[in-house]
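I've put the structures underneath this note.
Each of the next two complexes has subunit A plus one more chain, namely subunit B in the first and subunit C in the second.
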Partner chain A sequence: MSFSFSEENNLKIASLMKRYPQKKALILPLLWMAQKQDGYISEDAMQVISEHSHMPYMHVYSVATFYTMFRLQKPTKRVIEVCRTLSCELRGSQEIKKHLLENYSDSYEIVEVECMGACSGAPMCTLDGKYLENLTPRLLDEVLNAN
Partner chain B sequence: MKIIVDNTPIECKEGELLINVLLNNGVEIPHFCYHQDLGADGNCRMCMVEIKGQKRPQVACDTFVCENLEVFTKTKSINEVKRSILELELLNHPVDCPICDQAGECKLQDYYMDFGLYNSHLTTPKTKKGKAIDLGSNVMLDQERCVLCTRCVRFTTNITKTNELGIIGRGDSSRVAVAPNRPLNNPYAMNVVELCPVGALTSKDFRFAQRVWFLDSVKSVCHGCSRGCNIHIDYNETKYSDEKVYRFRSRRNKQINQSFLCDYGRLSYRELNEKFNSTSWGMESFKELLRAEKKVALVSPSFSLQQLQAVKEFCKNYNIELFSLPYADESFGDDWLKTNDTSANFTGVKELNISTCQDKFNSFLESSELVVNFDHNLLKVKELENKKVISFTTSKIEIKCEAVFAIANFAHESGTIINCDGIRQDFYATKYRCEAPRLIELLEELQ
Partner chain C sequence: MQTKIVSKNFEIPHAETLAVALQNGRYASLEKLFTFTPQELIDIIKASGLRGKGGGGAPAGAKWQLVSDFEGKKYLVVNADESEPGTFKDRQILAKDPHLLIEGMICTCYAIGSNTSYVYVRGEYEEFSNILQVAIDEAYEKNLLGIDAKYPVEITIHRGAGAYICGEKSALLESLEGNRGHPRLKPKSPEPEFYFGEPTLVNNVETIASVPFIVENGAEAYTACGTDCSPGTLLFAISGHVEKPGVYEAQFGVGMWDYIQELGGGVKGGKKLKAVIPGGASTPILPAHLVYEARLDYESLKTIGSALGTGGMIVLDEDASMVKALKNLLRFYHHESCGQCTPCREGTSWVDKTLDKFIAKTATHEDLEILKSVSKSMNGKTICVFAPAASGVIEGFLKHFESEFLECIQ
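== the complex of A and B ==
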C-alpha cells in the first residue's frame, strides 16, 4: 500500500484511540490527518482509515464525500481558500475575490469557503492552509509573487 | 389483541410493527424504504398514517401496535401528506418512464397515480446525476431515478455484509454509488435490482428485453440447488415465436429464501429457453430396444415426485434397474441459500426409495446392454462403450444415443419437490403448452 501515516501521526492516532469509546469515531479525525499529510485523501488512505476504524471502506468513502472540505483528488495547483462569510464580506472580500480570480486563477486553485474564525483579521484567505489576514489587493500581490 | 384500521378490526400481536400488520393483512400502505426482509429505516416517510389521539401523522414503520390503536390510512388529510412527500421524492426525478425498464412495476409510478397528480412547483433546473452506471454483477444504476430509500445499501451492509454500496455526497447531490475501483461483487448482487422500488437499479440481463406488462407470471420453485427458493417465472409467447422465459423473480417465503435469490439461480432461467433436437421414434422400435436382457436406468434427482413416481412405475413394468445419483458440487454451497447439492429433489428421491448407491449403479452399468437416461446430467456427457442409450432429456445431449426424447422442462411441468430441509413445495406450469411432451404423459403413451 502506498499510503501510511507518518510516525508523528501514528502517535496521535494512538492517543485518539483512547479518547473515543467507539473506533468508528476515528474516521473524521483520521480523514483530516490524511488530508493534512498528503494534501488530499487517496483511496489507499481511506483503506488505511477503514482498517483503523473497523468500518467498511464504503462507509469511510461516504463520509469523505459528505463533507465538501475533504479533497479526494490530488490538487494540481496550490490552493487559496477565500472566506465568503459576513465579517469578511463587510470588510471587502468581494474585491479580494475579484482580484484573485482575475489575476491568479491560472496558477492557483481558488475556493470560496465559510468562516474560518479569523474575523478580527477580515478580510482573510488561506494559502496552503496558512492564514493571510487584513488583505488588500497589494498585500496579496506581494505575498503571492514572493512565493 | 385487536387494533382498528379504517374502522375494521384487525387481529395482531402486541409490539408488532404497524406497517407489518398492515401489509400482512392486505391493507395498502405506500412505502419505499421499508422492506419486510430488510426491516425499517424510516427515511422515506411514505407510510404516514393518522393515529387517533396523536397530534401529527406518524410513520407506520416506526409505530408499534398496542391495544385499541385506531389507525386511519385513507383520510383526505393523510392523502394530502403523502402527496407532499411524494412531490419531494419526485422533485429531481427525470420522469423518463417511457424509456425506463421499471415502468409497470414502479412504486413511484403507482403512488403518483394514487396520491400525486400535481403540477411540479419546481422552477429551478433539476439536479443532474449519473446515468447508466455499470455497478458490476449485471446491475445498472441510474442515479436520477433513485429515491434514496437505501434498500440496496442495507442489503449489502446487513444481509451480504459485503458493503459495496453506499450513499455518497449530501443534500441534493446525495446518490447511491460504489466506491471507485470496487464494483458490486457478490453472488447475491442482483437482489438489489429486485429490492429497488423504482427504476434506479435495473438488471443488465433483463433491461430492454421485454415490457413487464407483456409478461405472464407463474409460481414456481428454483431447481438450481436443493434449497428450493421460491420464484415467479416471468414468461410470454409472442406472435410467430415460441414461449420464452425472460426472468426469475423471487417469491417471498419466510422459511426458505425470504425475498432473495442467488445470482446463479436467478440467471438459470436461460437453460429453459435452450433449443435442441430430438429423434422421433415409433412405438415398435422403442419396444424392440426395451427387449434387451439387462437394462439399467438413471433418473435425474431434480425430477418432481410425480415424475419420479412415473419413472419408477415404468421401470418396474419393463424390469429396469432404477438408480439416481446426486449432483454434488462442493464449491457451490455457502452458508446462506446455496447448497452443495445442486439437484432440486434429492430428498424426494430418497423418500421414494430409489437406489442412490454409486457402486451398485456402476456394476449394473457394466453388465447392461441398454441404458435409459431420464435427464441425468452424468449420462449426457459421458460416452458409454458398447451400450445402447435411450435418453429422455430437457437439454442438449453431447453423446450418441439410440433415441432421444425431448421432454418438457420444469417451467412446463407442475409437480412437487422436497427441499434439503424437508419442506414440500409445489410448482406450476406456464400457461402455454411446450412443444415437447410432459414426461408423465410420454411414459403413459410408451407403456
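== the complex of A and C ==
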C-alpha cells in the first residue's frame, strides 16, 4: 500500500483514539490528517482510514465525498476560493471573480464557495485556506504577485 | 449603544493567551461555580432566561435539565459550525477570547454532569480553531482542563469540512460520529440529542460563552439587560451596504434602525435603505418601512413576519436588485441541501433554476406561479427546517418586493 501516516501523525492518532467513544468518529479527523499530509486524499489513504476506524472502505469514501473541503484529486495548482454569497456579492464579489478568472486562472485553481463567515470583510477570498478580506482587484494583484 | 458581556475582552491585545486572559477575569467564575450544586446552577441558568444564540433562541436552562436528568455518560457539544450567510460572530469568540468559551464549557459540563466535550468548528475556520487549540493546550497545562482539574473536563476540537447543514444539531452529531452530515428525524416529545446513543447537550459558542457572566454575577445581572422574553445581549453582526460592517454586542430590544445607524455607521455612501435581512440568510427580508420600527429581539421580529435568527443583519441599499438577491440566496440553498428529502432536494433546485429566468428577464407569469407553488411544497414534510426556511425566504421577497419580479416578466 502506498499510503501510510507519518510517525508524527501515528502518535496523534493514538492520542485521538482516546478522545472518542468509538473508532468510527476518527474518520473526519483522519481524512483531514491525510489531506494535510499529501495535499489530497488518495484511495490508499481511505483504505488506511477504513482500517483505523473499523468501517468499510465504502463508508469512508461516502463520507469523504459528502464534504466539499475534502479533495480526492491531487491539486495541480494553488487554490483560491472566492465567496459568492450575498454580503460579498453586494460588495463586489463578481468583480473580484472576474479579475481572478481573467488574470490568474492559469496559475491558480479558482473556486467559488458559499459564505465563509467573513461578511464584514466582503468581498473576500482565501489563498491556500488563508482569509483575504476587504478585497479590491489591486489588493489582489499585490498579494498574488508577492506570493 | 454597545453592552459588552461576551465581547468585554475583544479589544484587549493578546486576550487569547492564558496569561492575559487570567489578568482580565477569565476563569474567575470557577471560584463561584463550585459553591453551587449542579442543580443550583441549572436553576440559575433557567432564572437568567438565557436563550440559545445559534439561531433558534431555545431556553438554555430547560435543555440543560433534559440532559442533566439522565444518569451515566453524557456529552457537551459546542456548535461552532457558523455557516449561516451573514453570520460571523462565533469566530470572534474563538479568535479573540477562546478562554471565555473554555470557561463556559467547564461551567456547563459541571452543571449537566459531563466530563467529555467537543467543539465542532467549521472546516474553513482553521485559523480560528488553531487559536482555540492553543488556548485549550494552555488550559490543560494549568490543570484547568483534564483529569487533574478541580472538575475534570476533556475538550476535543472536531473540524467540519464544508457543509452548511452540519450546523443543524443532529447533522452535526452525525458528522461527529463519522458519518455524512444528514439531519435525523426529530423525536415527538422533548428529548436531548444523542451522541453514540448517550444524551448530549448541543449549544452554540456564544450561548456557552455567556454562561461565565451569569455564574459570576447571578441571574439578575443578566435579566437586567434586554427584554423580558429575550434577556441579555447578543453579538449582533452587520454586513452588506453599511459603512462599518462588523460585530457589535448589544442588548436585546434595541431598535434595528438605530443599530444600523449608530453601530453599522449607516447605509454605505449615504444611500437610502431598501431592506434588511435581519438574522442570517434564512430569515425573511424586511422592507425599509418595517426596519424603522423593528426591535432586535425574538418576539418583536416575529410579530412583523420575520425572525431574529443569528442576529446577523444583511443591509441592502436602494440600488440593490431584489431579484438578484433572491437568486443569490436560492443558489446557496440549492448548493447546500443535504439531499435526503425530495421536496428539499428537488424544490431548491427548481426555484434556483426558475430564478435564472427572472434574471434574464424571460420569465412568464407561469414561472412566478411555479416559484410560489414549489416554495409552498418545500414548507411541508421535511426532516429538518432547512427547506421550510428557504420557503420562508422566498415568501418574504415575494410579499414585499413582488413588483420587481413582475418587471422581469416578458
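FYI, the second predicted complex is superposed on the first by the 144 of 147 C-alpha atoms of A that agree within 3 Å, B and C clash if a C-alpha of one lies under 4 Å from a C-alpha of the other, contacts with A are read in each partner's own complex, and residues count from 1 in each chain.
Methods note: a contact is a pair of C-beta atoms (placed from the backbone, for glycine too) under 8 Å apart; a residue touches a chain by one contact, two chains touch by 3 or more.
Note that the structure is predicted; figures quoted are calculated from it, not measured.
Undergrad: Applying the document's definition of touch, where does A:Lys24 land relative to subunit B and subunit C: first, second, both, or neither?
TA: The second partner, subunit C, only.
Undergrad: Which holds for A:Leu100: it touches subunit B only (first), subunit C only (second), both, or neither?
TA: neither
Undergrad: More subunit A residues touched by subunit B or by subunit C?
TA: C
Undergrad: Determine, under the contact definition given at the top, whether A:Tyr61 touches first (subunit B), second (subunit C), both, or neither.
TA: Only subunit B is touched by A:Tyr61; subunit C is not.
Undergrad: According to the stated criteria, A:Ser53 is in contact with first (subunit B), second (subunit C), both, or neither; which is it?
TA: A:Ser53 contacts subunit C only, not subunit B.
Undergrad: Taking the superposition on A as described, I'd like to know which of subunit B and subunit C A:Ile41 touches: first, second, both or neither.
TA: neither
Undergrad: With both complexes overlaid on chain A, does A:Phe70 touch subunit B (first), subunit C (second), both or neither?
TA: A:Phe70 sits against subunit C, while subunit B stays out of touch.
Undergrad: Go through the superposed model and pick first if A:Met33 touches only subunit B, second if only subunit C, both, or neither.
TA: It touches nothing on subunit B or subunit C.
Undergrad: On the A-aligned overlay, A:Tyr131 touches which partner chain: subunit B = first, subunit C = second, or both, or neither?
TA: In the superposition, A:Tyr131 touches subunit C alone.
Undergrad: Who does A:Cys115 touch here: subunit B (first), subunit C (second), both, or neither?
TA: second
Undergrad: Based on the A-chain superposition described above, do subunit B and subunit C contact any of the same residues on subunit A, and if so which?
TA: 62, 66
Undergrad: Using the touch definition up top, name the residues of subunit A that touch subunit B in the complex.
TA: Touch list, subunit A to subunit B: 43, 46, 56-59, 61-62, 65-66.
Undergrad: Can you tell me which positions in subunit B touch subunit A when the two form their complex?
TA: For subunit B paired with subunit A, touching residues are 157, 163-170, 178-182.
Undergrad: Touching residues of subunit C toward subunit A in the complex: what are they?
TA: Per the touch definition, subunit C meets subunit A at residues 73, 82-88, 90-91, 122-127, 154, 156, 158-164, 175-181, 195-196, 198, 237-241, 245-247, 277, 281, 312, 314, 316, 320, 324-325, 328-329, 331-332, 335-336.
Undergrad: What part of subunit A is in contact with subunit C in the complex they form?
TA: Subunit A residues touching subunit C: 16, 19-22, 24-29, 31-32, 53, 55, 62-63, 66-70, 84-87, 89-91, 113-122, 126, 129-131.
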